[in-house]
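Next up: the structures, one after another.
Both complexes shown next keep subunit A, but they swap its partner, so subunit B is in the first and subunit C is in the second.
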Partner chain A sequence: MTRAAELFGQPLAVLNLGLTSFADTLRQCGTRVVQVDWRPAAGGDREAMAALDALVGADGKARPEIANANQEAIRRLGAAKPVLEGIGVALEDIPGMRSDLVLHSGPPVPWELMSGPTRGAIMGALVYEGLAKSPEDAARLAQSGAVELAPCHHHQTVGPMAGVVTASMPVLKVRNVAFGNLAFATLNEGLGKVLRYGAYDDTVLERLRWMQRSLAPALGAALQAHGPLDLQALIAQALQMGDEGHNRNRAATSLVIRALAPHLVEGKTAPAEVGRVLRFLDANDHFFLNLSMAAAKAALDPTLGIPHSTLISAMARNGTEFGLRVSGLGERWFCAPAPMVDGLYLPGFSAADAAPDIGDSVITETYGIGGFAMAAAPAIVQFVGGRAADALRYTERMYAITMAEHAAYKIPALDFRGSPMGIDLLKVVDTGIVPVVNTGIAHKTPGIGMVGAGLVKPPLQCFVQALVAFAAEEQRGRR
Partner chain B sequence: MTRAAELFGQPLAVLNLGLTSFADTLRQCGTRVVQVDWRPAAGGDREAMAALDALVGADGKARPEIANANQEAIRRLGAAKPVLEGIGVALEDIPGMRSDLVLHSGPPVPWELMSGPTRGAIMGALVYEGLAKSPEDAARLAQSGAVELAPCHHHQTVGPMAGVVTASMPVLKVRNVAFGNLAFATLNEGLGKVLRYGAYDDTVLERLRWMQRSLAPALGAALQAHGPLDLQALIAQALQMGDEGHNRNRAATSLVIRALAPHLVEGKTAPAEVGRVLRFLDANDHFFLNLSMAAAKAALDPTLGIPHSTLISAMARNGTEFGLRVSGLGERWFCAPAPMVDGLYLPGFSAADAAPDIGDSVITETYGIGGFAMAAAPAIVQFVGGRAADALRYTERMYAITMAEHAAYKIPALDFRGSPMGIDLLKVVDTGIVPVVNTGIAHKTPGIGMVGAGLVKPPLQCFVQALVAFAAEEQRGRR
Partner chain C sequence: MLTEVLVRKDSYHDSVLLMRLSRELETKAGVVEAVVAMATPHNRDLLAARGFARPTLASAGPNDLVIALRLDGTTVAEAETVIDALLEGRPAAATAESQPVSLGAALALCPEINLVLISLPGEHAGREARRALAQDRHVMLFSDNVSVEEEVALKTLAHERGLLMMGPDCGTAIINGKPLAFANVVRRGKIGIVGAAGTGIQEISSCIHRLGGGVSQAIGTGGRDLSAAVGALTTLTGIQALGADPDTAVLVVVSKPPAAKVAAKVVAAVRATGKPAVVHFVGAPPHTRQRSQNVVFATSLAGAAKTACRLSGLRRRGRTPGFGHVLATRVARALGSEARLVGLFCGGTTGAEALALLTGAGIAVHSNLHKDGPLAIGAGAHVDGHLLLDLGDDELTRGRPHPMIEPELRNDRLVGDLEAPRPTLLLFDLVLGYGAHPDPAGVLARGLAAARARNPALVAVASVTGTDEDPQSFTSQRRRLLEAGVLVMPDNRTAADFVAAVLCRTTARRKASRPRKKASPAPATRAARQRGRR
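Up next, the complex of A and B:
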């Protein structure tokens, strides 16, 4: 009898690694099988596996210079203290802003490759700025190269969805008081037909003009009377109130309204206009999103550029590509095609209408909130799909790819465990687990707007590329 | 060999019911034991077991007339639609209110037996009304019988903690629009040194005067401009935002502020005064408690007096006794000594300072929120003690003693299961599981105020008494 025949002649108890189909077949034959959910590191990419081997010791720990750099990166991220300091104007406050510069979300992308919502938002913004007479005129202008297009991230700014920022727009000024750096974002316009989803009709532009003329000065004055808003404290409280700081911001928005309302009333704004401001805020549960994003950007910026650190310091999408930046590799973007979002659609829309994943709002996940804190916001599954237990599971999974737990952002349902903070490129590639991201869904055609919301998986490919580049860089350094 | 010796000579696998000490001993001897958490129905009370036998068939189901009556009771409770209709004045709006009548929380109790906080609140209220010159004078007046003392519940009213309501106080007017009935509560004063916790110094009385003079008219006008506030919708939303509607009301309070702020601003109240009103609301996360209580009272009142129904239509405590009312037995109270609260204390206070359990706020649990919806509010354990998992467990336990699940009050952490609604006297006595109640803790001495918050178990004895009375009533009916 051969050894194999001998083996299979006995009653078997099988341990199956990886592909479940082997286990399924054995089970159907009545064999006892234990299935182990295993996959090769780096999705089996040989180059990435070699890179991992070069960066991680036999004990599974990162090389000491990487571990030390990551300790510093996570110290900075944990120490961040973002506060809303004031309301400014893009041209005056954003470094390098010019009247012929249009900022957009995500990594760099030329007009020709831009997604529908980004094009739509740029067209709307150029009309709003008076640089074009019509959306069509604006499209020609953008294509001509007469205006410069650049990522928000290159100007200390973040923008949700299309993320378009132009010179006249009012901006939130968020300072990380622990490090002194500033981050910027526009004021949130509400849901439905809005510029950031690529809509640009008159109602959109009229709203933007009112925000500039009336909302921003009123809020700015109220904020000045109140003093800086402690965004870390607000996010921490909101996580106790069913928000996760990306796609559910109802609690934080409510807390901002509560904090500013008395100062709005006591200021110089006419009561009728204060009423309009309060109605606008009350009608927009996402008002806090832009605050949350600017807070995350302000918190993450000091982590960029720490040699040897594998912390992900930024993630962003422009509707065409998903991109990320690694602390130790500085300002370089690693990109891959933007994936589609798996979500729920507004009445009258379906997946066929959707643009690919878009927006800088994934900066919240990079900071350890948003999708990473979904366990704090089980009600969000009614907006993005899934069951309450999924929300818990998403957060629990993120502990496997992060470096630490946030000391202030506590998740009640996990017995007040800190939210998973600081994505480690090594861990993402090693486990094959990509960050979970909550997001909105824009119509793929310029001029339409929001069509749904859901969850999206960033492409593992960006992380693999970044890791290979990181290993090469480390290699060069050691020579 | 005797049968017993034969039995114990074999290897044993033991199933142990009830007392765990038998199982513990067997386990120590290395015997396999499965412990079953069992206790005799009605805590072993023979009279109650006989009553249960008379009311429940051999199939474990209540007799048909009881089942039918309970179906009607739960239909009414589920159909309730409480809305805040306006702000009134106790003397003008509360049925039977008089200037020499003082309402208090819980079942009836004479001055001589009243708890410290109730006495303190009555003393303060009599000075506030100008009926006494000093707290000492007020105590003499209350003792003399020259003012009448009566439960809030006898006047369609509920009051948190001491629950004292007198003629001049502004009151919330909550209508159950499905049945037309009204319920009332005072406006919440905030935390710390407040009348409802038995404090009565000048700061307490000054605040009450400002509430009467300024807060109530401003809110009343804003509410009129806004239209009735849908309290069911607010409670439903707040349960998605970490509130449970009794001891955590931060979300619902925020939502009320958001809803009313524009109307406050646009009304005739001077901006400085609107600012003060908004600051007062912002400083008081418990503002919604009194709305939640009046909503529960309005929802439950139509369930009282349905012949054969074993629904608990009211629970309340006066700091001396805990009392309850059963639908089928009408307005009669079943009482037992008020228990002590198991909770967390404010700095400088301990269990030695605590008054026994007090207040009408347990009407929220009777309605299926508060302690019954703790799974929606895991963050509350930081206020009342315990771990987040306890909050889930408390809610899950309450399904064993309730008749239904609320169609609008969904608990995200339980995958949007409806909150356990409608306490069944039969189930409480049968299982020995008493309702779980979140509550504040008052100082036992008049004039001091709040000292903590926690959880309390109502005395099973009240439920047993009520069941025995119910069985006797059914018996009489069948003769």
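Up next, the complex of A and C:
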């Protein structure tokens, strides 16, 4: 009982939840006050709040089996060491790939419900593969069920925007050397009218053919001469140079060019073609995006399926739904309608043109870079409010929903604090803070392409659903 | 509709800035379409496709800025002014200092936090309070709409851990001299208060200050603490803490009348501290107020303050001002036998005290503060007889600020209740301090002026709960009331006594005095008279 009497001998330090005028008064009186930027847990959902309270004690500590599982999950994520091992071909390298299989971004979605960009990209890819004569023919084929549609994530692969991957496309092979697992992604096509934004005209397909015919072999040979490219080191350097690894990849792309250029020049590729390859890389600030995505996928895959862990092992969108996977719940997706992106538009476009949020690139945020490292990339804050302080705040906020800080990904503006890594489902639901995601915006009509970029808020709903399912699973386990 | 394409040579701007600028421009009135971009070949094509093809556009290069506008109702010059402003100065977005987003995060950030003040909606407040207690922090829970079951659970947890659980529905506390929520600025001193009555604590602590005394701690408990269900858990913790506190020499315990068993427990706990103590159960019948050992029972809030000051060793400075009986007689005569009382209170406890004193004087007063009986009314009811309303009643404050914060609520009633012009005696409380309206006297003066315009036969009586150190200043609020023709009494008790004295002098008293039970009006009036003479 002496605790109350002890209080009288201490300087008062108050935490204020609610009316800010109370905090103002105390501050005026010289009292130390901390105001909480409070929001209801689980968005006020009673069932989820009860589920949360069954997993986390009032002292804020998760049940011991959860804490232990999360410790293991974050150990694996922190220990990941992704390297670019080589350039392969989807059919030969991606597990389970077939010539009649089309991979797309996000959680599973039938053709009927697919967004415009995804449909456009699939149509383009079927023509590119020679499976259809025209885009219209391709649409009929896709609808008929004669080709199978499956998420990239189900095949150790990630794809930006529509994320369409078919058999003959060249792919980046990224290995997590700490665990031996591989992850794949296609090579980035550049900006504007491109397949990943649902564009499928001849220029798009012609570029894809050139990439397959010329770019991939040249890069593959250069990479072989150079040896595996340490992607963790590249990302770490890029964060020091103003990239965040999702919506800004200018520094990392430059670093890749710097590493490979001598080997390109020394290789067997004709000088004119080397020039074309280098110019292509130089013109595409986002070349590294697919590398950082595959690195993130390779790093996160070993965290999936650890019983009792509440780590978010994957997040992805297909333009129709936003989905996520929780480590302890294995391969199950928890989905909610894909939100719209709050962003800026290229000249001549507006919000009316935009498709809902799309792409696997949110794997970078899941890994602790991208929006989570926005403080490292002040140049892109124009997209998200306009002030460098906003970028710092976005990153600082993410520490409230993550389990650890990355040992290698340091953010200069935060005094080289590690980037917030490992999203904890419990913390997201408890704080009501959803991951911050930087992203591009696709035109809603197939065939047009990128129309802007901005910031998107994943729907809290799928985190809440996942938590309720997780709590039910834990309870079953205890019985 | 006006379409215009302007080119500014060699004026490079970052493309993202321009995207943002275009978007902001399109939000301005009269701007139908606006594209501000560098004249790259791609952008030139885009603009041409959108109907902005002009010779100037065709000759522009990547380092030239293109401004393409479609306007309806504004001029190009105006649009350019906006563009220049946006290009030049960045809009100052409100970037608040980053704040922790949860209780857990905040405690991790600042482990020295020792008290958590919660004023969230009731449905979420209990959960956060439980978390604060589980992490060994004292709690003040301002929120209401917390169930009794939850209150008992929280207070039991706090009791086990020796923590203070002030509330739910705790509006006032002063801890280590710092005001929490609604509290007056009072001198620090030797008197420790535990109160289940918010404005009760405010009236007592203000009176102590004005008498020259000081307060060590004022611990609020929430109004239900002394109910049988809660069993005074926080009051007991508070009493023990103040008993152990070397800076507290005298205890004051104030509450509405508790359950008999609970009262006995509380008095026993006070006795066990061995410190001189004053207990005041607002409106409790006299037989429950037997002095025992170190415990003195007070009969009013102001009385409790006075006794506490005396017990703390404070010598009386001069005379306590009372009301003039000549004045009471004159007011009674002026109002005549048809006089009706309308009491409009912002404070629940000040209202309850006034009601108890009036009832004790044999005056039948309808009130929403009566729990039951023939005089109990809903807050919205209109009655012909004497009326005293607690305007802080949930029924009246649902979805709007408490009248202590927004006293306009009282003015609405003041005018609304006086529609039939009839000689009326008005009784008010004015509560100052942190959290309260910056100028309640000014608001009341406005309301009175409006009421007087409709009904000149008004006499207004009021008291002010507060100190000269309060942001509103006791003296200047009093002055403002005096200027508005209000009879300002030294404290809430005296104001109620004065009103009782007036009503006892009118024939209205005889009509209204029927429901009285034990207390006969005459002795009460005499008592009032005696107090007034002192």
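Annotations
Convention: the second predicted complex is superposed on the first by the 438 of 479 C-alpha atoms of A that agree within 3 Å, B and C clash if a C-alpha of one lies under 4 Å from a C-alpha of the other, contacts with A are read in each partner's own complex, and residues count from 1 in each chain.
Simple rule for what comes next: a contact is a pair of C-beta atoms (placed from the backbone, for glycine too) under 8 Å apart; a residue touches a chain by one contact, two chains touch by 3 or more.
Owing to the predicted nature of the structure, the values given are computational and were not obtained by experimental measurement.
With both structures placed on the common chain, the touch criterion links A:5 to subunit C but leaves subunit B unconnected.
By the touch criterion defined above, A:345 reaches subunit C but does not reach subunit B.
In the overlay built on the shared chain, the residue A:60 is in contact with subunit C alone; subunit B does not reach it.
With both structures placed on the common chain, the touch criterion links A:433 to subunit C but leaves subunit B unconnected.
For subunit A, the partner touching the most residues, choosing from subunit B and subunit C, is C.
Contacts of A:413 after superposition: subunit B is touched, whereas subunit C is not reached. Overlap of the subunit B and subunit C interfaces on subunit A: residues 379, 382, 387, 389.
Of all the residues in subunit A, the ones that touch subunit C in their complex are 1-5, 7-8, 10-19, 21-23, 25-26, 29, 31-32, 34-41, 44, 49, 53, 57-60, 192, 344-348, 350, 379-380, 382-383, 385-387, 389-390, 392-393, 396-397, 400, 430-431, 433, 452. Listing the residues of subunit C that touch subunit A in their complex gives 14, 16-20, 22-23, 26, 35-37, 42-43, 46-47, 49-50, 90-91, 93, 95, 98-107, 109-110, 112-120, 124, 127-128, 130-138, 142-143, 161-164, 175-181, 216-217, 237-238, 240-242, 244-245, 247, 434-435. Against subunit A, the residues of subunit B that register as touching in their complex are 240-243, 250-251, 254-255, 257-259, 261-266, 271-272, 274-276, 278-279, 281-282, 378-379, 382, 387-389, 412-416.
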